[in-house]
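Here is the structure we will look at.
Per-chain residue numbering starts at 1, and chain names A, B, C, D, E, F, G and H are given in the order in which the chains are listed.
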Amino acid sequence: MIYCPSKTNEQIIKIFSALASKSNNVLATRAEQSVFDAIKKTGLFPKARYEKSARAIVLEQKKLKPSKSILPIITAGTADLPVAYEAKVTAEIMGQQTELVCDVGVAGLHRLLSHVPKLQKANVIIVVAGMEGALASVVGGLVSCPVIAVPTSVGYGASFEGLSALLTMLNSCSSGVTVVNIDNGFSAAVTATLINKKIDAGK
Amino acid sequence: MIYCPSKTNEQIIKIFSALASKSNNVLATRAEQSVFDAIKKTGLFPKARYEKSARAIVLEQKKLKPSKSILPIITAGTADLPVAYEAKVTAEIMGQQTELVCDVGVAGLHRLLSHVPKLQKANVIIVVAGMEGALASVVGGLVSCPVIAVPTSVGYGASFEGLSALLTMLNSCSSGVTVVNIDNGFSAAVTATLINKKIDAGK
Amino acid sequence: MIYCPSKTNEQIIKIFSALASKSNNVLATRAEQSVFDAIKKTGLFPKARYEKSARAIVLEQKKLKPSKSILPIITAGTADLPVAYEAKVTAEIMGQQTELVCDVGVAGLHRLLSHVPKLQKANVIIVVAGMEGALASVVGGLVSCPVIAVPTSVGYGASFEGLSALLTMLNSCSSGVTVVNIDNGFSAAVTATLINKKIDAGK
Amino acid sequence: MIYCPSKTNEQIIKIFSALASKSNNVLATRAEQSVFDAIKKTGLFPKARYEKSARAIVLEQKKLKPSKSILPIITAGTADLPVAYEAKVTAEIMGQQTELVCDVGVAGLHRLLSHVPKLQKANVIIVVAGMEGALASVVGGLVSCPVIAVPTSVGYGASFEGLSALLTMLNSCSSGVTVVNIDNGFSAAVTATLINKKIDAGK
Amino acid sequence: MIYCPSKTNEQIIKIFSALASKSNNVLATRAEQSVFDAIKKTGLFPKARYEKSARAIVLEQKKLKPSKSILPIITAGTADLPVAYEAKVTAEIMGQQTELVCDVGVAGLHRLLSHVPKLQKANVIIVVAGMEGALASVVGGLVSCPVIAVPTSVGYGASFEGLSALLTMLNSCSSGVTVVNIDNGFSAAVTATLINKKIDAGK
Amino acid sequence: MIYCPSKTNEQIIKIFSALASKSNNVLATRAEQSVFDAIKKTGLFPKARYEKSARAIVLEQKKLKPSKSILPIITAGTADLPVAYEAKVTAEIMGQQTELVCDVGVAGLHRLLSHVPKLQKANVIIVVAGMEGALASVVGGLVSCPVIAVPTSVGYGASFEGLSALLTMLNSCSSGVTVVNIDNGFSAAVTATLINKKIDAGK
Amino acid sequence: MIYCPSKTNEQIIKIFSALASKSNNVLATRAEQSVFDAIKKTGLFPKARYEKSARAIVLEQKKLKPSKSILPIITAGTADLPVAYEAKVTAEIMGQQTELVCDVGVAGLHRLLSHVPKLQKANVIIVVAGMEGALASVVGGLVSCPVIAVPTSVGYGASFEGLSALLTMLNSCSSGVTVVNIDNGFSAAVTATLINKKIDAGK
Amino acid sequence: MIYCPSKTNEQIIKIFSALASKSNNVLATRAEQSVFDAIKKTGLFPKARYEKSARAIVLEQKKLKPSKSILPIITAGTADLPVAYEAKVTAEIMGQQTELVCDVGVAGLHRLLSHVPKLQKANVIIVVAGMEGALASVVGGLVSCPVIAVPTSVGYGASFEGLSALLTMLNSCSSGVTVVNIDNGFSAAVTATLINKKIDAGK
């Protein structure tokens, strides 16, 4: 996996090639379209594809067996989608099946409540929310599995680029909520997939 | 009304006397027991009483007619009670009837949901919550009246003395939520009572 | 209502259409001219108009009866106008009559004082101010109705994108002042209109 | 479970009694010795004990079957121990076996490295660290299971009561690290035990 | 002049003696009663007196000629008095005549307005205010002389120990307002007196 | 005077015209070249000129008599010059004579020391400094007149857009230092000129 | 040496010329390509070269004797390279030999450990790291010489432009770690070279 | 070396004994008198002494040969002394000769200038300063050796417990200044002694 910001296209291509040469799946996150164009132009990775909504470049060289478990990825609002898609792409390249549940922020609680039965079957849930980030606490109170909360940098003035949602999630009064960095869908997905892998293994 | 912190007992007694001399009701907020003792010792205010749970001294010199409206004051947890009681005492000395709804934080959503029919009848609601402060958004999404959110300084480390709850409430994605300063039950109660007074007047 | 930032034009059009299909009035806030152009290009909303000064797209499908009450929206300076216009457009699409009082910041107190008689007739007032945000406290001291304070991100260095005005307003020593998020004219207008609706209903 | 700070002894005893009456195990965290004394004085809970190093009151009414899995709880320094003990007591009352690995901060890397084989067998690991909080990243790089990082409020001046460790952990460049609130050993233990329960169930 | 906090009594006495030995006036600010007691106990400074309301020890060894100018020191509320008294004592020991104008915060604008004619005669004005600190801007708009603003650490939650008032004052939209550190009545008084000295000299 | 940022060209021209119509001198600060071009294009202000280094538009309609006093404006480094020029232009349009002393930051103390005799003759001094902002304290210790410190937003990473210099200056241990907002050369110049005017009047 | 940001090309050329005229080596840091082009266009400095990876302009007019000592410059990740190169160029123009050790962040500890023997021979080491900045502590624990830590502004959301790495490094529990400003490779290199010079002199 | 805060007396004694048993010199920093009393009471360390001004417990079991070099430790004011003494005691127990230069803050520059010839002979200098912390930059500009800056938590309101001095020092415009954590005299002394040891070795 490669985190693209602050790297030049040359550096990204070099790391991408090194990882690809070992026949691994490769994922480059926060990649601009121009980075993908540069990678395509090398002609070396015909199978690489650009997932625009996730801002990610995906090179799937070996298809992993789909997981038994399904990982719910829940978003509060439309503007949280890019981070949710980053989590989705990351999980899927590791073989994890996912289900995206969109636009169920706490201002419209009934939409969330209709998904509860499904959520209660999960081993672990990812909650992606900006603005006030209250969704993680509410979901945490409705299920008994771990919730991985991803604050996003979405919001008005005093959201301070995601700080408000981050603090909300850290202060969650629901047990079982842990937090990753702002907009870090990747890390949430890796952690959730690690947990599911161990549980699936025992089934 | 007197805000006691940073004032000496002498100063508080002086202001208290000045206000009381006009036959008004007098309220001293954030008052330690020792302040009340000092006021009692003057012998001047036999009717003054100390509301321990609200940390307030109340001198009710004229009984106001009880309001038609009832003001719900909702708290997320037990530790938010002192601020809720400050709001309750403040509203009541202005003649506003109140109803306290305790311990309905978002980690136990079903407790809150059982109160929704009652909340939907209110003209305005006060929500008192510390930690992640998510309760204001959730309540705001369940009713169509204004919600006045009071962040409290309750919480673990990164709650930063109420800052986390304050930011959450400011970033609420529910319409109709406005915010007062951390722990400021007094100001929330005054605003809510002003609103109810105007509405009651028309009924 | 749609908050446009962080949403793609496709997403905005989709939500806009969904809302419009129910014959509701639709409001899209913080919309660039280019968003409006994209909406016009669909040819679906001939009645949609762009309110440039408010940065808002308005689709008024049903004309609401004008409110009995008039909502004063007061600004400290010229640079606060876009936020004030967002409040104005929002209130008006909900049927609320408004009156804009501009450029009455506390550095020129006499300008404000000449408006006091009018302000004292209001049920609720919106105050929009950046820089030091002192206007909310001053207005709050001059009237006996609730004041909804909107800090704006206008100002020199240590205004920290509206944080200074936000803190000022939260710390207001005037009773009855509540605060919304930085630059959030929309939320202030919704709250004020909800209050006025209830009061108008009784008259 | 009860979080004691900001609650009066009366409130704690009331909640403690309510929880105990359902024959559950009860845990009161951040409890001063004086809280325990008040609980003992009621005479109602002869089996309650005070875990001084964890600052917790434990009432174990039903002994849970010990887990198959062992949960490593790692601390950087001696001063992080109270938080680690809170995690240990919490996990154990839920039936989770634990192993405390103390004083393996990154300034003495060899001490940590000697524990790596053991750590690599775990399903999930709790890392408790103050000051610069670097231990979570280092452990995260040495194992392939999830790491739950608990920042502590231990440290010199610019540690800002745990903020420094919190930020370090949120910015961890190791995959699989998630974070809980400052000093929140309780929440880390609950999450880790939830994960282990599901994995143990499959074995 | 000696700033007492963080100094031991021994250190304070040593510096006090050194300054006194040159027949200067000596001022020790932020001095606890116990510091004064220690100084008295030396028996060396029979003329030293303790100004309790200003938390200052004053040793006036030479009486300076009273200034022609009068320095207004204005406070927003009762709780700002200790800082105002520190300014007053500091100015007076330098020979500056002062006039204290108390409790004229912006929530009660009419009290302030009655003092305007007097304020307009001053060469320079000190404004002491906590909470939202709006008084400095309002005064700055009413006079045409420099205003030295002293934020105080008085206030509710989000005043952050004076930070809110400090930011308000720095962002003042009135010309001629400069700011000193939180609670620093001493520095404001020195600056104001330096200005008045030069102006008085020319008269 | 007009502060240009956040205002449209139309608004600036309107205010500019209103001020100019009273035959006053007019100053527009933080003005882009494009604002000046728009003003020129109106053809109404042939005498308006653009001071590029100060980012200011100046319309001098009446020449004020030059002041007796000379106001030193000192900068720490080359990058502080735009703010210093803003102060210079502002003072000069009010008739205040100025002298710019450039590039005398504390890393090269000898350059500063050579200017001390001149500085000691001033009634008041403006110090403009970014990065660590130490120059204000050093100058304050070398002279006995008031120093008005202007922090600038110049500097590396942890200068936080001027916050570091601002805090340094507020914490100055030299008496007589007061502070204005970050980059606010205008306000420093107005205050300094007000002081000099009163002193010059007496001479 | 010249720090380019906030300076105009004219100012940079003027300072560059002044420094070059004394036959010194000249270094301009944080220089855009366009600055270098402007310098080349003057035709005055045919030997000036642009070090793109270090964002620096170098004019080496006298070749210094290479140092006996070798200065290791260690980076955590690829994105830290520009800051490391700034340190490298700075040290080399002062005659200091350097060795760059790249991409040895704590998430892959084995890569770092393979360099330990070499690091233990150094007199002083520069560690450049963003994100969580843990590398400085780990290196500090592995060697017994001083470590100069350079936080970089690289990272996800809550890295706050380098603040996270800065705090981590300041809170390092390893002895001998000192810190420079965010991204300030220049200052780290100067300090390290000063230390090495004195040690080399004695050998 | 032991950092005492957050450790119980039992823990400190245990670590102290472990370190002492290897015949090393032992240093316990930030130790209250009561900690020393507890250590004395064990009867195990008759040679342990308490350095009150440095708040340190010293057990010197082997006398190290005094260094050739002398390390200047400079303080801005009296209140910075405890941190300076911590540095002094730390250096001396490692055999480093020191010279304390007190009370030479930048508000009284002449006092500092009289020490310059002595400072210019040093290999490395420690500067301890609170409030605005400007002393480090000024010293850095006067010498050509490395300066290790120690911000202290001394100061008025907006010093924010040393944050102001820390930022000032990080933003120093003098080359060769590096910074340690707030109040961390220990770490500065260790680093300075490490540097001197290498230089002394070559002489």
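One rule holds for everything that comes next: a contact is a pair of C-beta atoms (placed from the backbone, for glycine too) under 8 Å apart; a residue touches a chain by one contact, two chains touch by 3 or more.
Note that this is a predicted model, so its numbers are computed, not measured.
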item: Touching both chain E and chain G (chains); value: F, H
item: Equivalent of E-F within the choices A-D, F-H or A-G, defined by over half of its residue contact pairs recurring; value: A-D
item: Centre-to-centre distance between chain G and chain D (centres being mean Cα positions), rounded to whole Å; value: 40
item: Centre distance in Å when chain G and chain H are each reduced to the mean of their C-alpha atoms; value: 27
item: Rounded Å distance, chain B centre to chain D centre (Cα mean); value: 35
item: Residues of chain B touching at least two other chains; value: 156, 158-159, 163, 166, 170-171, 175, 181-182
item: Listing of all chain pairs that touch each other, if any do; value: A-B, A-C, A-D, A-G, B-C, B-D, B-E, C-E, C-F, D-G, D-H, E-F, E-H, F-G, F-H, G-H
item: Contact footprint of chain C on chain F as seen in their complex; value: 3, 5-7, 11, 15, 151, 153, 161-163, 166, 181-184
item: Partner chain B, residues of chain C touching it in the complex; value: 1, 123-124, 144-146, 148, 166, 170-171, 175-182, 186-188, 190-191, 194-195, 198-199, 201-203
item: Complex contacts: residues of chain F adjacent to chain H; value: 76-77, 105-109, 131-134, 137-138, 140-142, 155-156, 158-160, 163-165, 167-175
item: Footprint of chain B on chain E - complex, ascending; value: 78-79, 81, 154, 156-159
